[in-house]
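Look at the two complexes coming up: chain A is in both, with chain B in one and chain C in the other.
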Partner chain A sequence: MLSWKDIPMGAIVQTPGSAKEYRTGDWRSQRPVWDLSKCIKCGLCYIYCPDASIGWKDDGYPQWDEFHCKGCGICATECWTKAINLVEETE
Partner chain B sequence: MAKKVGTEVSFAVADAVKLADVDVIAAYPITPQTHIVEKLSEYVADGELDAEYICVESEHSAMSACCGSSATGARTFTATAGQGLELMHEVLTIPASSRLPMVAAICNRALSGPLSVWGDHSDLMGVRDTGWIQIIAENGQDVHDLTIAAFKISEHKDVMFPVMVHMDGFHLTHVIEPIVIMDQEDVDKFLPPFEYNNKLDPASPVSQGTYAPPHIYPEIKKAQDVALVNSKETIKAIWKEYGDLFGRYYNPIETYKTDDAETILVTMGSFSETASLAIDKLREQGKKVGLLRVRLWRPFPFAELRDAAKSAKTMIVLDRALSFGGPAGPLCSEIRSAFYQEKNRPQIISFISGLGGRDIDPEDFEAMIARGEDIAKNGSDSEYEILGVRE
Partner chain C sequence: MEKYGLYTPRVAPQKEYFAAGHRACVGCGEMLAVRLVCKALGKETIVINSTGCIEIVSSLFPDTSWEVPWMHTLFENSAAVASGVESAIKVMQRKGKYADGKVNVVAMGGDGATLDIGMQALSGAMERGHDFVYVCYDNEAYMNTGIQRSSATPYGAMTTTSPPGKKSIGQQTWKKDMPAIAVAHNIPYVATASPAYPFDLMEKVKKAAATKGPAYLQIFSPCPTGWRSAGEISVKLARLAVETGAFPLYEVENGKYNLTMDFEKLRPITDYMKPQGRYRHLTESDIVLIEKKLHEQVQELRDKSSR
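== the complex of A and B ==
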């Protein structure tokens, strides 16, 4: 951990994009779980995710980013085929 | 050759900013600051100053634009007063913590309500803890010189803080005084171009003003505070350099007849010159009185203050602002703190006067000193007294 003497002037961040190293997934109290039998690869979950925590696998199905997803549930609300369910985090 | 001219003090600010060859001005007009920004917008419109003048919709936007401008390495200026400074408040802490150099002329004005456009130090005290370097001017020449020097202080590699130059609304901004307006050649020699190492540059990207969780926020704040405290030595060195070059010296604490003074009046701002007339009169009567004026409000010059007031048995502090229900006027609180740990500390008496543009005459200062000496001897029921108010 940095001492106050190591803080760059103005607490400037000299490594662009370093926010991706921050595990915001720790904030999550519930996680989205996909039922791929209902998923039609429409991409609405990808569009609506405010944290860019949903991407794409090679087969066209959504790729969930467990490290950054905060569990807000917007994807589950927006999924019109109800392929996403929110499940309580138990750990 | 620098020339002494009769000019409005607001124009002397505008001329200082023009001589500093600023790149960006973002400001919203508000009494009594208006003449400064009107003059600057004329200079830009007439092509006399090659700068971007951003007409913003509020002071909040003005300060936001200034942050962005400074972050790109542009020399930046704004000016405001009273309610405008209050509206700017939310953004003021950001250039201080992000270490974005800029200069702001603050034309000190009372705060609403009741609505008042006239001067006092309520707005100044409201922004006390925003982390800016804060310098107090007493007359038009101060305003001109200190504004030029403020750019050099703000942009110095060992400082890198925004700087406010405070001047009393109307009592300074709207008076015409004989002022030596600096030569461009001299200012160019004194003030180097702004070199900002961390500027926003697509070729070398950085993030400024980011988020800090509890595991790092206190370290960032300590680093900021240490840097602000340490800036005092650079401020003194730059003022000394200015004095050596141009013959007008400025100090964190200014003194007048304090050498053997047993009673010292403490003031801040343009009323100090009126107070000096009362000191002269009392000296003629053989009284050991002196005047001490705080020039550097932040970082506060504790050591310089204690040194300047060594002979004092009583210090009488004038505040032109109220800390409602507080321990004293805000300036007096600082003076009392500075002496609390001293073995032979003087009695320190707090008076509030000159609110909302009310004048304080030399006779009022004489009465203030007399009442202060009376309280020092006989005590008082209250923490501070408000003078010059009809009973």
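== the complex of A and C ==
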């Protein structure tokens, strides 16, 4: 627990984007699974992700970020070719 | 996205300035809008942010999602603080105490912060002609404090302070036309945008930032928590809002209206309302009334655009 002595004057945060350290992936109840044979590498899933949790693999296919993805499913709804399925998290 | 069919999301700026790890609800359309706005603005930006979901979910001390300088103001005064920031930069540049070049000064707030409590600060800043952008994220209620009605809440919608019942339809007033109020200030750029049309949105943000003088943007922001809708359809709802006329997309450059997205035939409003719990109580005649009003509004925008 932080005490007032640990908090900088004016509550200034000096590390940009430090929230990245926080695992929002724990909130997930379902995860996206790609069928790459259907994926056309358009990147719609990437642009519509509210949590900036989809990036790229070296071969140009999308790569999701397990640490941050909250499993909202917008990517699966929006994908043109229905290449993304939502699968229940088991643990 | 029709007009921008040539773009693919791959060519959008890849750098994120609104980082993952924010605590927004699952499927939040407002944070998607913020992410896209930040992408379009880029690095040379200072954000001044009213209280509301955006600020709360992005700045849990000592964490921050922001990768540009960001300042939290009160609920009501982000436009006033942005005016100060813009003026300070101008003076310091004149005195050689600040690097030359353009800095985007951007105030942001929710619909409650913008259409209600912060309106006088915003009106003042627009009237004084500060070189800044104001972005209103419109999720049609005070969501962060638990879904209270605002003047942006549409007619008939359920909120905790506009509950439907025997004697009430829910929200009893029609949505305030804030873009028209901004236009009435004779500012050079006003636009509405939607995260369902990301390239249109980012183009408008860039235009707003490049505008000399005040620019006002109102961005539709689906809120699954407040609208009682599923998180996975947030973008779909944003698209349906445009296709049904519930949230038309247009821009107003130096007073000249231009509908940026128009359809030969608007979709039935039920396509948009059905998946949302906040409209569940509406009767068929209520819906007919609402549809008629929305169609009239779109026609009005068409007429203004062809002038």
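In this section, the second predicted complex is superposed on the first by the 90 of 91 C-alpha atoms of A that agree within 3 Å, B and C clash if a C-alpha of one lies under 4 Å from a C-alpha of the other, contacts with A are read in each partner's own complex, and residues count from 1 in each chain.
Keep this in mind: a contact is a pair of C-beta atoms (placed from the backbone, for glycine too) under 8 Å apart; a residue touches a chain by one contact, two chains touch by 3 or more.
Since the model is a prediction, treat every value here as computed from it, not as a measurement.
For the composite obtained by overlaying on chain A, chain B and chain C cannot both be accommodated without a clash. In the superposition on chain A, A:58 makes contact with neither chain B nor chain C. Residue contacts after overlaying the shared chain place A:1 against chain B, while chain C stays out of touching range.
Note on chain A: of its two partners chain C and chain B, the one contacting more of its residues is C.
Shared-chain residue A:16: touches chain B and chain C both. By the touch criterion defined above, A:88 lies against neither chain B nor chain C after alignment on the C-alpha atoms of chain A.
Superposing the two complexes on chain A places one region of chain C into the space of chain B, and among 117-125, 135-143 or 243-251 that region is 117-125. Across the superposed pair, chain B and chain C both touch chain A at residues 2, 7, 11, 13, 16, 18-19. Residues 2, 7, 11, 13, 15-24, 27, 41-44, 46-53, 65, 67-68, 70-74, 76-78, 86 of chain A are the ones that touch chain C when the two sit in their complex. In the complex of the two chains, the chain A residues touching chain B come out as 1-5, 7-14, 16, 18-19. Touching chain A in their complex are the following residues of chain B: 97-100, 160, 198, 205-208, 210, 212, 215-216, 218-220, 222-223, 226-227. Every residue of chain C that touches chain A in the complex is listed here, in rising order: 8-10, 12, 16, 18-24, 26-29, 31-32, 35-36, 58-68, 195, 198, 230-236.
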